[in-house]
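Okay, so chain A shows up in both of these, paired with chain B first and chain C after.
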Partner chain A sequence: MSELQSESVTTRREAPETRETREETVAALSGDVLDAAVIPAIRRRGLGIGFWLAVGWLAVLVGLAVLAPVLPFVQDPATLDPFALREGPTADHWLGADDGGRDVFARIIYGGRVSLFIGVASVTIGMTIGGFLGLTAGYFRGRYERVVMSAMDTLLAFPALVLALALVTFLSDPGEQGGSITTVTLALGILAIPALARITRASTLTFAEREFVTAARSLGASHRRILTREILPNVVPPMLSFSLLAVAVVIVAEGALSFLGLSVQAPQPTWGNLIAQGRPVLREAPHIALMPCAVMFVTLLSLNFAGDTLRRRFDVREGLL
Partner chain B sequence: MILEVQDLRTSFDTPAGTVRAVDGVSFALDAGRTLGVVGESGSGKTVLSRSIMNLLPRRGVTRSGRVRFQGRDITDLGPKEMTSVWGAEMAMVFQDPMTSLNPVMRIGPQITESLRFHLGLSRPEAEREALALLRSVNIPEPKRRFREYPHQLSGGMRQRVTIAIALACSPSLLLADEPTTALDVTVQAQILNLLADQQAKRHMAMILVTHDLGVVAGRADEIAVMYAGRVVEKAPTEVLFREMRHPYTEALLASIPRLEHRSHTRLQAIPGRPPDLVHPPAGCRFAPRCASVQQRCLEEDPVLRAAETTGHHYACWYPVGTDEGREARERNVARDTAVHVARRPAARRRPRDIGVTGVPVLTDAAPAEPEGGE
Partner chain C sequence: MRRYLLQRLAQLVAVLLVVSFLTFLLTNLLPGGPENAILGPNATPEAVAELRAELRLDDPLPVRYVRWLGDVVQGDFGESYTQRVPISELLADRLPRSLELMVVAQFLALAVAIPLGIASAYRAGGWLDRWANMTAFGLLALPNFILAVLLVFFLSLGGVVVFGRQVGVDFFPATGLVPWSVDAVAHVKSLFLPALALAAGQIAVYMRLLRTDMVATLQEDYIGTARAKGIPTRRILFRHALKPSSFSLLTVAGINVGALIGGAVIIESIFVFGGIGDLIVRSIYTRDYLTIQAGVLVVAAGFVIVNFLVDLLYSVLDPRIRHVRAAV
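And now, the complex of A and B:
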């Protein structure tokens, strides 16, 4: 982390120099040459090694989670190894075994399948519905916008965790213990709608007033065409970078729900219930709770870091235009 | 007659009150002709062109008057009906090509889109047509530009692209809203020539909106000078420059720097600012800044009346180049000199005071510009 910080500091320190030379270029050269000179300069600055580390971690994690059943070194998460109860990391069990003798590494990977799936799927739900509402509200304005946005504010006004609990309970079949993957995904997806709607709307507002939208209207473009061809492509990049942050938030929320026993039930592992399961034996076998914690921590950090980098990057590009 | 505008009025509801941005504008335009609309910032030129196209924001805007286009009243057409007019029959070139192109769409699709929508061309047909358009607006390497994004093009190049887009469906009326304001001086003439060229080739009518009398001088058939939402003088170009009647037109012309002047010649700026359009002054709206202002100008609103030459109209009580106008100017100069000599000799060096206070008090309200007039 400190390495990342120091790197960004040096980048910033170099920035004024670059700007000066750029201004000289502005003075000296015509527009064509200027464009040609500025764009590689920004590209050269790149996204930074931290971004690629974060993306690398996420790629490895997703790869492992998706391919878990066919990878030879990922053991079966349900197999009990009576000789390895609460054992720390060994050659057989890379991250140790839990108090039933199950392989912690395998359980983290399989838990990641659930946690990542819930994270991505509910953000997709939130993005689709919230994005649609935000886009239309920001474009059409008027009474429609007021109705939609008050509904979003109402949803946001509930304490998130309480709302999630209520939604999981409401969406589950009566008598079911906790939630299934579907109900938890739906509940967290609904929870993600208002924030994503608000952000899409804000971003839509800035583009809807831009002249190229008026220009498109002056060429006879219909509302649908303006929304899908003119505004949406401009709104998507900032939305995608924000959605990485949203996935992180949802994974935490899912973790909180599982910890409370309201998410997907054991023996199906999720990161949340793995941590919950390790909690009683934290003193005797800390790795059972701490290993999933560490993986979750690094994952969230990566998501945040990658999302932030992309967000900054899109700001830069907007400033350039 | 391709376009006829009658008593067009557009106002915006703002927290400060109702802004009458366009206040009773009428004119007519024949096919293939160019009307130059001239005025300083805030005179309502842009709102006028958007009102004609009905491209105003939907909320808080009131529009009245009639717009007849190709014999059809298009005033009350909704956005649905207008989509067949917009782009296909009338198109607009915007002021700033940096913002009027979609930054995340390649140049190609931005041109082909309306070709495919309005003319129903297939993708390859539209692409061929778009390349021809790019070539016709003198863009070198059209094939390469076709695949590029707006930020990869220079300002002049981008404006050429927006012109190509506007011309795509061969509209019969083109509204160019300050098409060269955001461009380098060297590129301005090229773009204006390009517009004139295309207009002649396509026999298209054009409304050229600008704040620069010099821009329309050689290019418009007729010029309408706007001030505070109204047309204050309107005449065929040649007539306007030969026998301008309105002091505002005169002041606008005087404010253009000239090559034959020695360097460091002081620019003849018009003192003050355009009036507040929420509470426009009673009487003539230009009165607070006018060199020939008289008591009558502050009380009675001059109407647009015909001059001796046909097609020449102006709205002024003491027009330039007439005896009344000359007397009015002389009276002001004489009184002003007297006031300055008696009370404030220093004030003579800064006659711009009047505009800042904006209070049309006659004793020292009239800017003395002895060299500005005859």
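And now, the complex of A and C:
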């Protein structure tokens, strides 16, 4: 993915020799090669206003979602207001009301609770298992790496949404329609494992042969110590920036599932099922579907933007993937 | 080359076997087994016993897998529980629609992305480049089901009235696919929105990919030579620079053909398109497990085979990567 986004020509051309560190790249570029396009990519920049706007939006959203039950201005998402059926935005209902007169703003916030929880929890599952597999595969190499990575490749061989559909259907009890928060989280967490394992492995590879690891080894440090004390601290920061991007992917997947009515079920609002619910009345009351669309889009944009900025800063080379 | 080919072919067969086994397991590891899924939890013991005998469920799992696989290889996917027709007929009816959608979406994406990618590489950093880059970033963050809702709202339901002016049209049908044989124009119109919804994300990816490679190519010495010879810019861009810049574009485009098979699921179901994706979703609603199993198998196998072909094609085009994995 980053390959598509890499800013400078030179970084890209150098991608095959990925063992290079940032310092080595700088050193390798003598004055005349160092053209204007390369400098900004290498020099550490500030994070920029866009990044802080994105983080701000996410912080507000998470705050609202977590505190929703105690905030006075977030109404109850299930209360029916017979005087506000399909009403557009008003002072009483900031983003309007839906078919049953329920407050759209409140439903979006409560939907966000589900979507954000599933996003974060699935990525945590994927990151824990995938991260462990990737870390050990990148460190121990050999046959273990081959087995782990071909298992990951096989999982990646399934089209993601189809696998998600199948997993949710088969993880749920036969009687229940769609999934519960647990089954959806689990299914999407399993889906996240292979991609995160590959990225962690790539990141581990760049550190596994560095001098400080060799030094630790020659001092007689155990594998466990090298992994946890030397490599892990270096691998974690870039992985965290990736996890923001991964949360966005999971939120989209959950949205798609619940849009199809196969995730958490209807009385419980999620962004996907709010959009699906507004779709039949799109012509008469467009705000019911379009408001959650807008909130979801801005959230995804923020996650992508913040994740991308951080990732570029930690400069994970995906040439190794 | 021959050895490489055989090796890759063996790999393909292995992956296909694993994929088919996983698909098979999905149905057979269901809580309560397939009989519960078919008859529901309230079935009488006699009915369950009868069904188990009919489906030969008392054989060991590997035996059943081999039998199922043997049938599938011969094109027999069994019978749909709910529609009481052979699943192979359902698939044969729907596969062409899905394939058409995929191909049209892919062409649409390339037709928009290539000129845009070239133009933004030619004036890298210029207004078009920045504008295209921002739009691409937005498109990448826009889930295709939201895009589909927006497209339907603005292009088939007439959109909204802002200050007395209508923003939007009602030109395209919101759902369904009119068969080519019935009305060619209506066919194209009913295909356009789903194809666009699918293509949008690809446009962003392709454009950025081509732009990055193109910027690199345009700094090569031979481009300077061509320029010095007085060759028109347009010819340099399209004839001299496009071909060497399009390797990664082609690979990713190829791989996305596979991804589109699966990604079309939600779009097909929004537009009631009547393709494979639509079939899978509807079978999930009706708990028609054999049909889900068949649909997932077809989609996953298509995905794996397309990836294999693209990998192969790529290594033919660019011998350097014959022994190194393509990084995508």
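Everything below uses one rule, namely that the second predicted complex is superposed on the first by the 270 of 321 C-alpha atoms of A that agree within 3 Å, B and C clash if a C-alpha of one lies under 4 Å from a C-alpha of the other, contacts with A are read in each partner's own complex, and residues count from 1 in each chain.
Going forward, a contact is a pair of C-beta atoms (placed from the backbone, for glycine too) under 8 Å apart; a residue touches a chain by one contact, two chains touch by 3 or more.
All of these numbers come straight from a predicted model, not from anything done at the bench.
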First (chain B), second (chain C), both or neither touched by A:I129: neither
Partner chain in contact with A:V120 - chain B first, chain C second, else both or neither: neither
Touching partner for A:A215 - first (chain B), second (chain C), both, neither: first
Touched partner set for A:L165, first chain B, second chain C, both or neither: second
Which of chain B and chain C A:R229 touches, first, second, both or neither: first
Touched partner set for A:V55, first chain B, second chain C, both or neither: neither
Partner chain(s) touched by A:T154 [first = chain B, second = chain C, both, neither]: second
Contacts of A:R283 with chain B and chain C, given as first, second, both or neither: second
Most chain A residues touched (candidates chain B, chain C): C
Contacts of A:L80 with chain B and chain C, given as first, second, both or neither: neither
Chain A positions touched by chain B in one structure and by chain C in the second: 320-321
Chain B - residues contacting chain A, complex: 53, 55, 58-59, 79, 82-88, 91-92, 94-96, 98-105, 113-114, 117-118, 150-157, 162, 165-166, 168, 184
Contact set on chain C toward chain A in their complex: 15, 18-19, 22-23, 26-27, 29-32, 36-37, 40-41, 137-138, 140-143, 145-146, 149-150, 152-153, 157-158, 160, 205, 208-209, 212, 215-216, 219, 248, 258-259, 261-263, 265-266, 269, 280-281, 284-285, 287, 292, 296, 299-300, 303-304, 307, 327-328
Residue ranges of chain A touching chain B (in the complex, touch as defined): 30-32, 35, 39, 141-142, 210-212, 214-222, 225, 229-230, 233-234, 237, 320-321
Contact set on chain A toward chain C in their complex: 3-6, 9, 12-13, 15, 153-154, 157-163, 165-166, 169-170, 173-175, 248, 252, 255-256, 259-262, 272, 275, 279, 282-283, 286, 289-290, 293, 296-297, 300-301, 303-305, 318-321
